[in-house]
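Here it is: the structure, laid out below.
For clarity, chains are labelled A, B, C and D in written order, and residue numbers in each chain start from 1.
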Amino acid sequence: MKITTFIGSSRAESNSELLADLVTKEIKHRKLYLRDLAIQPIHDLRHKEGGFQPVEDEYDTIIHAFLESDVLIFSTPIYWYSMSGSMKIMIDRLSQAIRDERFPQLTERIQSAEAIVLAVGGDEPKIKGLPLIQQFRYTFDFLKLPFSAYILGEGNRPGDILQDREALMQADLLNQRLKGAN
Amino acid sequence: MKITTFIGSSRAESNSELLADLVTKEIKHRKLYLRDLAIQPIHDLRHKEGGFQPVEDEYDTIIHAFLESDVLIFSTPIYWYSMSGSMKIMIDRLSQAIRDERFPQLTERIQSAEAIVLAVGGDEPKIKGLPLIQQFRYTFDFLKLPFSAYILGEGNRPGDILQDREALMQADLLNQRLKGAN
Amino acid sequence: MKITTFIGSSRAESNSELLADLVTKEIKHRKLYLRDLAIQPIHDLRHKEGGFQPVEDEYDTIIHAFLESDVLIFSTPIYWYSMSGSMKIMIDRLSQAIRDERFPQLTERIQSAEAIVLAVGGDEPKIKGLPLIQQFRYTFDFLKLPFSAYILGEGNRPGDILQDREALMQADLLNQRLKGAN
Amino acid sequence: MKITTFIGSSRAESNSELLADLVTKEIKHRKLYLRDLAIQPIHDLRHKEGGFQPVEDEYDTIIHAFLESDVLIFSTPIYWYSMSGSMKIMIDRLSQAIRDERFPQLTERIQSAEAIVLAVGGDEPKIKGLPLIQQFRYTFDFLKLPFSAYILGEGNRPGDILQDREALMQADLLNQRLKGAN
């Protein structure tokens, strides 16, 4: 079972990354730091003659991760009640990726994986993070990607997440399940 | 009364821009195309010594628009059930802007403006766009920026929005109100 | 085309009823006042031997309305950010109705109708009424009943809804469409 | 510390009641079975001369529970993506209770308590139960009643909830906290 974690935070050792580390503790996995990848915002050319044009950036790294993973973990800080801009830029480009003739197998491959969302915020994330979860749900539904679990953790200052006992227990439960499946 | 429209679409003559044009028809206003502005994703340094660092990009254009406007119109296509990545990058940077010592008046100025959201999508926007509206609401609440109106329009192919009679009537109603206030 | 409006308000000439009247203006339709029907809360016996038991009340009136209608209009005040208790009691009993052997055609009949929701509240209904719309959507999805339109109107004191120009225009638009389809 | 659990299910030994029992395990508390109390739907007379009229039913039992409790636990099955009709009828009557001259201290008393919501459903409750949580949040905000925790559990057939490890761990965590506070 291959696991990829997409790290959406802009800072090192972010709370959302810490939470992801707990979920993948002692399990082989790969981490992609979105802040370190050069990814262009999508240019929507669906309705233009010729359609989408090739983009010179590092988005293929993302596509390959989708192609190779059985578990896709989206780890993001909650910025303004939504995912980080870097993660949104990455998600937006999926519209182009699923139409990319170089990867005809992408759509089907995604459907056999599972998605997990880990989001950490400082302003009542367990309530105000709910719209974000609903959006991920609509997105995964569109992709027919099973949405197996999410955790909304609380944290603001570095390390805060380690005080959120509920999030820690949820992470531990997920970790046990992923270990068992390995 | 000064009006600024932030255009979040990646394509020219997008449905969300068309809708914005109807809202501001025959009213003096300014448009900012986010796709044409170089804006870096936020680097969250709130908890680092020294705090946020100056960024060499065009975000000051955004800040000045916030400082000068009485009506802030956020016009975005619905990409994956949320605002476009370009608009999210712009919103994220507000965390830095409201702490920027060069603009001490920003927080208070925002509170005397009003916000309008115009979002157009192709997959049941009047239902699946609701989480996006809730997120804008939480965001404006945080900023104490009155959220005066929103329109969720339907459209996919260029020009589609002109078939959404409900959205057109809502736009016309808003246009009348903004004209009256001018 | 047969239209039934379910009136969920507890008071005469409520704002939500006024709004329903505008939607059905000059169109033949039937109104059911839920406050005047004796309907018992559901007793969930799905997992008991023998299953649901016959209930001596007036719920069959509701079932017949579902069986006979092409357009089902749910008109409710927003009480505590949700539909009225009387309407909820009515909705809950659908779980029994769709298993009632006396009405084997009910489930299929529902799928060829359409549903409209009209909800009026006093505390920012266009934002705080969104969860209610999402719940109706999940409910109609479960029933495979197309959800064709909704209006979230603002009103508190009797007659207030007549000041909500956006709701009035939406009602007029719906009225025109229903008239055209007749 | 006084704890009252409002049981909203229509069946004995429901999953939502089992979950509540785990939260209050080994802690003194009181349970109110809403299905056993005669409670009339609200008759909204806020805008009528004379206002609300006395109702001959058992709602005072609810009011006394609110007056006496430090922790209010709302335990409900998820019927049609929302609370049960019996619980909704109970919530609706709060509009009358907070205006009841016999209980002038009610509004203030509520603000010094805390609320916990336990909801169990069979159709993806951790996603489709989110609007219900948002409605409780708006309700508690209106009442200025702190909303300290919620659990969305999965269960359909009797006893199912005992297979939802995440819900069990959340219940245990809550139980520990309530014990510690006692």
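The rule we apply is simple: a residue touches a chain if its C-beta (ideal position, glycine included) is under 8 Å from a C-beta of that chain, and two chains touch if they have at least 3 such contacts.
Chain labels with UniProt names: A, B, C, D = FMN reductase, NADPH-dependent.
Model, not experiment: these values are computed from the prediction.
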Steps needed, at minimum, to go from chain A to chain C via contacts: 2
Reference chain A; chain at largest CA-centroid distance: C
Distance between chain centroids, defined by C-alpha means - chain C, chain D (Å): 25
Centre distance in Å when chain B and chain C are each reduced to the mean of their C-alpha atoms: 35
Distance from chain D to chain B - Cα centre to Cα centre, in angstrom: 38
Touching two or more other chains - residues of chain D: 130, 134
Pairwise touch network: line, ring, star, complete, or other: ring
Residues of chain B touching chain A in the complex: 9-11, 14, 35, 41-45, 47-48, 77, 79-86, 88-89, 91-92, 94-95, 123, 128, 130-132, 134-135, 138-139, 142, 157-158
Complex contact set, residues of chain C against chain B: 126-127, 130, 133-134, 137, 147, 150, 165-166, 169-170, 173
